[in-house]
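What follows is a group of structures, each given as structure tokens.
Common to both upcoming complexes is chain A, partnered first by chain B, then by chain C.
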Partner chain A sequence: MNTTSVNAGKLYGFRLPQLDSGLVGSAIRLVALPLVGILAFLLLWSVTAQNIDTSLGKFPGPAAVLEQFDALYSEHQRSREKEQAFYERQEERNAKRVAEDPSYEPRIRAYTGKETFIDQIVTSLVTVMSGFLLAVVIAVPLGIATGLSKTLNSAVNPIVQIFKPVSPLAWLPLVTMVVSALYTTPDPIVAKSFLNSMITVTLCCLWPMVINTAVGVAGIDSDLVNVSKVLRLPALRHVQKIVLPASVPMIFTGMRLSLGVAWMVLIAAEMLAQNPGLGKFVWDEFQNGSSDSLARIMAAVLVIGFIGFLLDRGMLAMQKLVSWDNSAAQ
Partner chain B sequence: MQWKKPFTKLAATLALAMGFVSSATTVSAEKLGYPEKEELTFGFIKLTDMAPIAIAYEKGFFEDEGLYVTIEAQANWKVLLDGVIDGRLDGAHMLAGQPIAATMGFGTKADIITPFSMDLNGNGITVSNAIWEEMKPNIPKMADGRPVHPIKADALKPVVEKYKADGKPFNMGMVFPVSTHNYELRYWLAAGGIHPGYYAPHKGDISGQIDADALLSVTPPPQMPATLEAGTIYGYCVGEPWNQQAVFKDIGVPVVTDYEIWKDNPEKVFGITREFAEKYPNTTVRVTRALIRAAMWLDENNNANRPEAVKILSQSNYVGADYEVIANSMTGTFEYEKGDKREVPDFNVFFRYNATYPYYSDAIWYLTQMRRWGQISEDKPDDWYKELAAKVYRPDIYEAAAKSLIAEKLAKAEQFPDFATEDGFRDPQTHFIDGIVYNGKEPNQYIDKFSIGLKSGQKL
Partner chain C sequence: MSVLLDISHIDMEFPTPKGPFTALRDVDLKIQQGEFVSLIGHSGCGKSTVLNVVAGLYQATRGGVILNGKEVTEPGPERAVVFQNHSLLPWLTAYENVELAVKQVFGKSKSKAEMRQWIEHNLELVHMSHAMNKRPGEISGGMKQRVGIARALAMQPKVLLMDEPFGALDALTRAHMQDSLMEIQAELNNTVIMITHDVDEAVLLSDRIVMMTNGPAATIGEILSVELERPRHRLELADNPLYNQYRAKVLKFLHERHSKPDVPVKKSAQSKPDMEKAGADHAQKEMVEDAA
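Moving on to the complex of A and B:
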């Protein structure tokens, strides 16, 4: 905790002399100043919003967005009630059919209603985490291997450098076509759209992790490597006992970068491919062009930002937890 | 309500018993079986004429058939068609031209059929405010100063000529190369002497702009107003609510509805693959039954249910536009210039005038227009038109659905065409904006009547 407050002090870069004494000062820095910043932003937002006339009406201010949060939540509640009624009707219908036709094996079908805003948030979170975890599984071993071997590194590096700056939107059509060509089970466990989004996310957040892991592994203190050599540790033990612990801070730095990329990529991919999630929500609202659309999109923007922030904080906390070397965790 | 319960129960038991007796006495083949596939996904484009699908879902007509349907909005017509072809969608709200073109192999080749025609009319042509100002002096006025309707493209012709003389391309938007909107816009333009351009697929030219005065290009329906606003196009032809949206946003003026171009013209159809219909015959008939009931509900008691339908359509998962925008056209009026709201009771027809029956002659009209504009590059005999129409339009499935609804007293026989004598051809249609008569039995003769367009024997 100490480090954070010191860093925060450095960050603001100015000190009010009469207040710079102990608790009061840090309370102001940690609570009051961000609050002032947020209030100023809200004020600026509502003033500018009033002055922007779009063809869908005025640009939504904070009040309109708050109203939409409420509306979205009550829509979610209503949808849940409808779902309940759907299952009840279904059971009745199944019972009736069994009575008429005893050979029928009743099955409960999933609710066919539309995903609500909250469902879309959950979908996006699940997708981003799956894509990210898949990337971790591929990138960390690859990074370790390239970090350990100069030869492999020279071979892999050009490919990594070329694919790293590719936008998700360029990958998406290819991923879509390949998935629909290869994934052709009659009764799929996961939806194709989910796979598309997930693989696109994986492809885009692979590279920062590979690079960071490789750099971390290559930069291990030569003393540590020498210890391993003296002890004649076999290759796997070497990785397990020396390489992994030594490069964990860098690996996590890469992971944190990647997760940020993953979240941004996902929203774009969902928007373009109309795959379920927050991106689709934004696109649908844009297409609807109703007078509430802009406020709903703004609500989604805030949620996307907030979730991105939480993901980053979560990764930061994990990074700190595993770091013996605090310099990497800033 | 408690007192009612025993009675309803009794009624239900009786009905069940009677059903049992009747099914036991009649031939078993006549009773409609359970659906082979119960979980279905249907696609749609955000347009008010998707209403039968939304209503069949919301009013429980699908569930009454034992079908659990998920309804998904699609990004554009191409994505939607591909979805049906690759099986991601089991069926969809389609442009009438899509199943025909797919079966013929113009664009993606696939066997798509339609057992159910979704509606009549429902489109409009909108021009930007600037173009409207230039058109206005050319339009005759009524006593109260409002323009006389229908407005013909003659009023637009000088504007297009001016743009052409200035070397500026006159761009207009329509929703898909084989969409009703493309043919309606072309029909209207050509009737006013503006050439909308030819296609030449045999030469690899599918832009449809050969010899064109007005350059037509594709824009997805919900993006029409935004594209008009951006100035990329000067006008467009699209379904509702995207014409009324332009009025509300104050960015354009609808000048003519397709009702005025061709009174009671067939619009969307419900498309499925032939494979689906063969593999799941009961499901197909049951889907058709649910859609027929939805269409009946939409037109019941002189459009009495329309306000409720508009409320459903304005939900963000269906069309999602504001209630007022959708209501403008769905409830029997149409707002042209801001404030100029006129009665068009038949702007959206879902069931009246046998709107849902898949007439061969409707399919053939689209084929004649494909030939007229070169999408069909060579002459075809009249029989070819009839055979293709019979391949795509399937009144036999419709008939099975309608008859079973009549048998279950969910509909009356007089609400449908007389199946014993119906041959699938409407009487010659006389209500076109240019007065040309269309007889579905003589497609080639019809094509030769137009002054602009390919005639028999012509090839680009």
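Moving on to the complex of A and C:
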């Protein structure tokens, strides 16, 4: 009791002035202060940008980037119009040929235009989510099993500990080779490049999720385990009723960590392997080297950051939804 | 009355790096149907170990526990446990916590409607009907313990095992809970084994008080039969000479054992494998000393 109150007093002494009174205070804290921060950042950015000369012209300021956002969006719309026109032309031509010769079987060729910025965003998002979900499917059962069994844990732990610190990018060449060796169907459902990126994401998510799940499961209050024993819950029901809910906060902490890292790693992997996605967009623009390139890369950087933020918030919201212990979700 | 539970010459040893540590030696106790027995003794003397052996959570090294003519080899709902810190599943409501137990025990023999009724009945018994749909985090410590008791009662156990059920509660709530427990016991005639540190609680509730010597190699020191009329009322008992005699006897036992331990405590015995909560023990010990 004594120590806590002393600590609290100490903490209080170091606390910054807080605006914690009333509606006005919270409005200032939630809206005004973030706005001030953003404005200050924009100001600093535009002032600094003007003073940096690169071989591709001046470093882009906020205005240039905003302009590129607009350009990227209209490019996307133009590309969509082109695509539609392409398919319409094909249909017209096919209809004509069928009219001339009824035995002709119409074929539709896919549009092969360059992916737009928006397409790349969608590709990256789909890739990160599929890799992440694959990791969840593998890691959560594995983590539960290792958390429940000390024997299994002793066997699996060294492997996890060794692979955990490996940058998933180191796996990338191996993944690429293995995928092209094993994935040889003549009519692929998904592209090889997609598989490469996805598996890299999975490898990156796997370890923190296994570890967090196992720690969560192993750390269940022994009294709760005793309750289960007294009730003679069968193994599966024990997992379903006690183990899983008890470790949900830890499992989700692992998921949030992994998803954050996965998003960063994916962009790097796409740059490195030239796999479709935001990373490729950044790399292509860099190679392109036009006077707009830097502004377009900066636009991509902002989008990457914003999406990463949204992914984290999404996981947090989900954690709060399914978790009984909201103190873990912060 | 017939013997329901026979705790037969139990020894309990725990392996430690420095060789086996003997927690219990030759604990022998026969309990009859409908009897309320408390185990009292100093911290670390192995009271919880006895309870855990009866519950089936520990296996005795020698000797065994026989319930209704059958040996206890594993935990089971016929020996329901009320844990010291309630042990409710925090993600379930009070109703769902009891439901988990009822479904497990009566899932095959009762219909859905009957189960619902039975759950509600048990929550009513502990006066928790009003908070059925609250989660443990939303109710007070006393209320949580009530739900814990309701969950145990709902299993219709042959023996109800209570590990310092009221140890973590404040004095007022504790008194309230003791009264409730007496009421329930009078109604259902449960067989109960309760661990306690609290002398008043032991005398008030028990038919017999089993006083344990200090560990290691703890065993039963004395057994005191409490022959006070039921129903018992704490206020009337305060002036009852017999009640005060019983109280004095237990206090004397505890005090003597405390100042002159039977066996000198060895270094290896310092690590108590016993699952008692240190904080609660400390507070309780102070209380016993104050009373003495």
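Here are some notes:
FYI, the second predicted complex is superposed on the first by the 301 of 330 C-alpha atoms of A that agree within 3 Å, B and C clash if a C-alpha of one lies under 4 Å from a C-alpha of the other, contacts with A are read in each partner's own complex, and residues count from 1 in each chain.
Note that in this section contacts are C-beta pairs under 8 Å (C-beta built on N, C-alpha and C of every residue); 3 or more make two chains touch, one makes a residue touch a chain.
Remember, it's a predicted structure, so these values are computed and weren't measured experimentally.
After superposition on chain A, the partners chain B and chain C are accommodated together without colliding. Counting the residues of chain A touched by each of chain B and chain C gives the higher count for B. In the overlay built on the shared chain, the residue A:84 is in contact with neither chain B nor chain C.
Of the two partner chains placed around the shared chain by superposition, chain B is the only one that A:93 touches, whereas chain C remains out of contact.
When the shared chain is aligned, no partner comes close enough to touch A:74: not chain B, not chain C. In the superposition on chain A, contact of A:230 is made with chain C only, not with chain B. In the superposition on chain A, A:48 makes contact with neither chain B nor chain C.
Of the two partner chains, chain B is the only one that A:284 touches; chain C does not reach it. The least CA distance from chain B to chain C in the superposed model is 52 Å.
Contacts of chain A with chain B, set against its contacts with chain C after fitting on chain A, share not one residue. On the chain A side of its complex with chain B, the touching residues are 55-56, 89-90, 93, 97, 100-101, 104, 109, 112, 114, 180, 192, 274, 284-285, 287-291, 293, 296. The touching residues of chain B, when paired with chain A in their complex, are 16, 34, 38-39, 46, 57, 60, 63, 66, 68-71, 73-75, 79, 86, 88, 222-223, 225-226, 229, 245, 249-251, 314, 316-317, 319-322, 325.
Within the complex formed with chain C, the chain A residues making contact are 221-224, 226-227, 229-233, 241-242, 245-246, 248, 324-325. Of all the residues in chain C, the ones that touch chain A in their complex are 55-57, 74-77, 79-81, 83, 85, 87, 89-91, 100-101, 104-105, 135, 137, 155, 275.
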